[in-house]
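Which chain is which? They are A, B, C and D, in the order written, and residues in each are numbered from 1.
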């Protein structure tokens, strides 16, 4: 199935594409460090105290160059790290190689099968316990909640609840997860229980993953304290908005080399991700149409001059479709069948189920032609074709290299501060979802200002008193929206 | 001082410039109603039930055409309304005339003195009590908190605390307020006490006014439940951002007819107001420089491509200065003295003390030349001059007509829903500051979509379940930032 | 018809609204001079040599503050100037007053009738000939070609060709012109012949006027050398594009105070004027639709992300219509009847016949309601209404104050250089249409750079040789499009 | 030097990287055809008449997918085509393979040495003459003028003028050309003479190449009629402006994955290319600084809100430098030495000498580190580094895939119409430089409208008469600037 598997580098405690790519990866890491002042400042500040000294950290997060800088930051402040990607297409193989070459266990390559993906996740969770066995992490860095899901579901199974693993699966991926859990259950019967006993927390950075956490907490099932990194301003308003503004067009260009000017581009969803996408596409001269369910976001889109209508009304005139919602079934098979010939369809939201990819692949009378990696042409019975990018997975990661370093430095500085915070408060935090305090959020921003030449104005004491804030901040109430 | 006062229309229970302007005002009201679908929908919805039937409502809010539509909406749902402006320059005299002509008491004209302003505020607070005396309102619509201040300070005085009214005044306006309170105290000794006994709430729509309310609540001094309308998304993200984007340039153009392209424009503050201003000025081809105290907002400005630096570093190259902060002493006398010849200085934040106007007027060796209403030239000893607009008060209201109707329909729909909510919950609300529930916020947005041709997508039940929200909304967690 | 005529100031050789406005006008002239570095530099450069010493110059150009700076520039370099406006609504009365107060004959007020307009034009053409009679100008500054038309038609009549003055008139204005010419013919039988004998040239600054000149030249009827100022880059790409980008929204706002965000705005024509308008409206958050006849301009509009379609397809969804074409019958009565209720219709192109105003006024069953000066509401039989601004004449001049000073400094520097050039070459130029040489065009730009802080890079001799241009310019071939 | 040369596919009359890439190339050709409606329409229109039947055409133009569509268009209308690239880095190897696979001789691969490059150019010029010998083309499609140069210089040599080939060379490339010409002179002594005898014309599409042609014509040395395709509106205003707006960021992203928001980007030159680049970078949130020599272009940049200053003043704060000028020595070694650490330097103008690459490579104390293909890091003695992209050659072609298909369809439709025109008029055209008539320019635009859904408005006869143009166009005078 994946013919290239045989070229794997399997020396050492890692599974990656090719360890020979490590030098190239290191050169790009050097460049990225220069663009990630937040992480570099944190390294410097905590170099002496090592706040995560010896702490077992599992990361499940796109194994890119930027993530490599995060990994090395976690290591620099003391952590014992194992890593997997959180997406089958998002690994940059030279980044993984550079990390593996330093002796950090990493399990990720671009183009994993789903089976491989979940095996890698398990590998990242399996620390030697010092007694010849394996044990899970004390802290988790999660993106999309896959590690959190696996631990919760594994633990549930060990507690005797087999209902989920034996239920009918709604997708192929679900059945893969269940098979894995059954196998682990057979091979390491108390693995999850021992893991949960020492697990102190998870920080999560996506809307989708956070949503899962709030649901678990609401249902009283959350096993550890969690920090919602996604809703730090310096994450949600930076990574989602500015990151996508930088990387959507990048993905489209590398995949299709298409002229964006003059095209009708349909952006499904006008949250932060959708705002960044719409902004970018318009700047290229595309005519952007937005679809929305939320009247507030819809009104915002209208105030920016976008047409807001339903996807159905765009069929036949939309040239490019981008889903940004975090929801599912946004672009359905019947939509794709009715699109203009050679429309381009992609997702930059969360899971590939924003587009009905499985149903498309199962559809009779459709011919699928691979153009190049991550670009497939589907020809329908009526002769019309569409192009699906990255199999419906994140187009900026699948077809390009994801968000640029500088924006990720914001997100990952939040992740790192969250990890430090979880560990420092491991004895006091409850099993619920926390936000990082605003002061840390402002601190993350502050760490990035000098690099881009920003000079802040400083309040006088009199001014600070007048508006009732400390001279040093925080400057805004918690409900402030930026 | 104000030679035109003698032309006042004083027939009836109002003080306005000229009742003959009523017809023109009515024509513009007709146009505005078409642009204010939120208010018109509320009228229709509550026409039968009259939720504010007979409730005494005092409004202190710029007496513009848009406010006139708000006033008539409040009346249409049953209220007994009296109105003053909240700014000495912001009244549109034809709007006031149109309202007065219908028999609604209104006390406002463009170009009040501070003494007149506070007298008008008192007039708007003085309802006939049906027994030959006067009594205050049951509900207050406030903008900037002047009515709230007056009631609280008057009440404090009647309770025997004379410390404030006898303290030294930091500004001329403060001494005017104190004189007024002493006069009321002499003439109507229990007026505020009787008023507070029946006062059920206040809704407030500015950052500054809301800040005062939170301080009162925090100090345990807030006398009534308050609704923070400012932080409804459909207010803060619409009025502040889109409103200023529409009206700043309008004020600058009407005042100075100046070419914005090619100019260096310094925007002090990058909150919602500053974002709207910077966006507008850049679109005209100005080179925008931002000053900020908050590292997060500063980073946002940088991400949008603005230079962010201190005001001191802009002196000598800035052509246009706009304050947007809600703080004081942003542009100081020493700044103005060091500006480029013929720089334009104005404020769109909140109070005129964002610019040190009093100190400028008191400065020796400065010549002040009035060019036309709301435009003054100050010539410094070194021969350089600056232009100060609207005496440092809100430039969009002083030099133009404020925000356009459509955006105000959002703000005022929130105000109206807040008034209804306060009255409906008058027996249960505590004396603290509430936000409108998100569902009402979404409702306000929804009322404006049809007018501009927006078609919303509707969640399927399955999709709603997947993301864990009701099909009808609300769609976002409270901490969502839009 | 024009009740205010009686308040005219008629002392001295001028007809204006009110000489008492002169002081205000002078203050604004002082401000404008600061924004018109091109004209001020020309004054300084030619102060000693007075290249137009004693030359009779008639100007027919919107009598605004900026034009006043042009007039005083022409006077400063020696000219004997008489002036009229070229549009019945475009005069700024305080500007006219300031000019009249200095003793320069000026004939212009805001709101002339067509009869008054053409009388004013004649007055501006009538210099005392020193022998008790009257004679026309030696040079003409024209805008739209009305003065050129009048001289040519008057001369034709004196030469015995009565065909045109006796022909049926296509519009009311045409009949006014014919009546005037007959009257002049009766009163001053050889006026035009004597005028033409001494007339040395005309500079013209509009697309429409230039087009007329090329037609006259092509037909061999042009009586003098003409300079096409319109097609200087620093005119066509500055006044038309940047001027309208600054002033369209200004006109819309002062007339209607309308929210532009979220509106569908239809811009008819995508030449330089249309480009500036579309750009401005989009920046405000309007959704812009363009109509075009020229496939190249249409493709440009599409590349900028605008929808390009026919006006018919926009009816029912367009909120704002702007004509920018220089052609006629762009918005026809049947269009206006089918528009969305309360659509706004205006023209920023050239003549009021871009919109079928006459036909609209003549239409049965339409009610016309004046809202305020320059704003009329037309209510159709079906209950729908539209707003027509400035009677279909230039909305930026009729409803606001036209282009800002800085951009006009470019246009008027071209006009002034053209006048100097025409006079200097009066003995050598043929009766055809000339463009200003590129070096003068670059010079006009250069005069404006310092004011806005631009630092030019200077070619080395080696670089200049490499691209084959002089170090000092001109830098581009004549066909270069900028 | 080029280790991969050994993998060449050399079967048949071509030199390319790998014939196995043909299938992939064909798939992308299929996609491109859909995006190139101009070329496809021309194919259809001339399918029957074959206006270039049997004509020998040599092309020297970036061997990309889009060029492949041009090549097949020329073949479809009858031409006998041979092709080389006009840039050592710009070939897309799968495009070359697809063309070679159809039997069309093509000589191009990504990463040629200069020697290989000029050999390829000669190969593309060498048609079998049917008598066992070789002869040059009857028509040339040129980009940058290299083929034109070679023929002119070769012919000069055969005519006995050895001055140039024996002169000192200013660059390595110049010496390569001279060596080649000497070799040809030895091997095929009358090749250029016989070629020139049958050569009927050249169409050229770059500013630089056109400039060379005008110089040749001015010096009386131009050997054939030439068509300046560059200055068709649908080329200069589309390819240069919109093409670079699409492809500059693409090149930067693929090379460096850098965040553009918040960066200071210096764009050298504000012609059409510079305008597109500045526009794109600003849209990403970069702060753009422009350098210019021409006061008109400088003023345009200022009117768009860009800071305009000299490159020297940007050193230390510029993060990204882009040259767009067509001139040389724009970024000099002393500039690069003084740049901010890790500044990115690239060229999208014309030749690599816009940046002093040779001097940089020759500089003592500089360490050059290759990061990946087309990305080199230069570390200076002071520890600072810069990144040079594509060795100073066109960054959009070297680091990405050049302009997208749709914009190239405009340029190449002009090229094709120019070829047809040259052949049709081969007996009448003089040896000078022609522009395509405006009607053809409009036709090119028209061919692209339907694809993007544009609906043109059609003039009535009355409107056409009013503005004095035919109903069908052309609509504008030749001096119109768009």
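Basically, a contact is a pair of C-beta atoms (placed from the backbone, for glycine too) under 8 Å apart; a residue touches a chain by one contact, two chains touch by 3 or more.
Because the structure is predicted, anything quoted here is derived from the model rather than measured.
Undergrad: When I count C-beta pairs in contact, which pair ends up with more: A-C or A-D?
TA: Looking at contacts between chains, A-D has the larger number.
Undergrad: Measuring between Cα centroids, what's the chain most distant from chain A?
TA: C
Undergrad: How many angstrom lie between the centres of chain A and chain D, each centre taken as the mean Cα position?
TA: Their C-alpha centroids are separated by 40 Å.
Undergrad: With chain centres taken as the means of their Cα atoms, state the distance from chain A to chain C in Å.
TA: Using C-alpha averages as centres, the distance is 57 Å.
Undergrad: Would you please write down the residue numbers of chain C that are in contact with two or more other chains?
TA: Expected reply: 242, 261-262, 284-285, 299, 302-303, 307, 452.
Undergrad: What residues on chain A touch chain B, complex-wise?
TA: Per the stated touch rule, the residues are 211, 214-215, 231, 233-234, 236-238, 242, 272, 291-303, 308-311, 313, 326-329, 435, 441-443, 445-446, 448-449, 452, 454-460, 462-463, 466-468, 473, 475-482.
Undergrad: Considering only the defined contacts, which chain A positions touch chain D in the complex?
TA: 24, 27-28, 31, 34-35, 65, 242, 245-246, 249-250, 253-254, 256-264, 280, 283-285, 317, 341-342, 369, 371-372, 377, 387, 400-401, 404-407, 452-453
Undergrad: Over in the complex, which chain D residues touch chain B? Could you list them?
TA: Result: residues 261-262, 282, 285-288, 299, 302-307 of chain D touch chain B.
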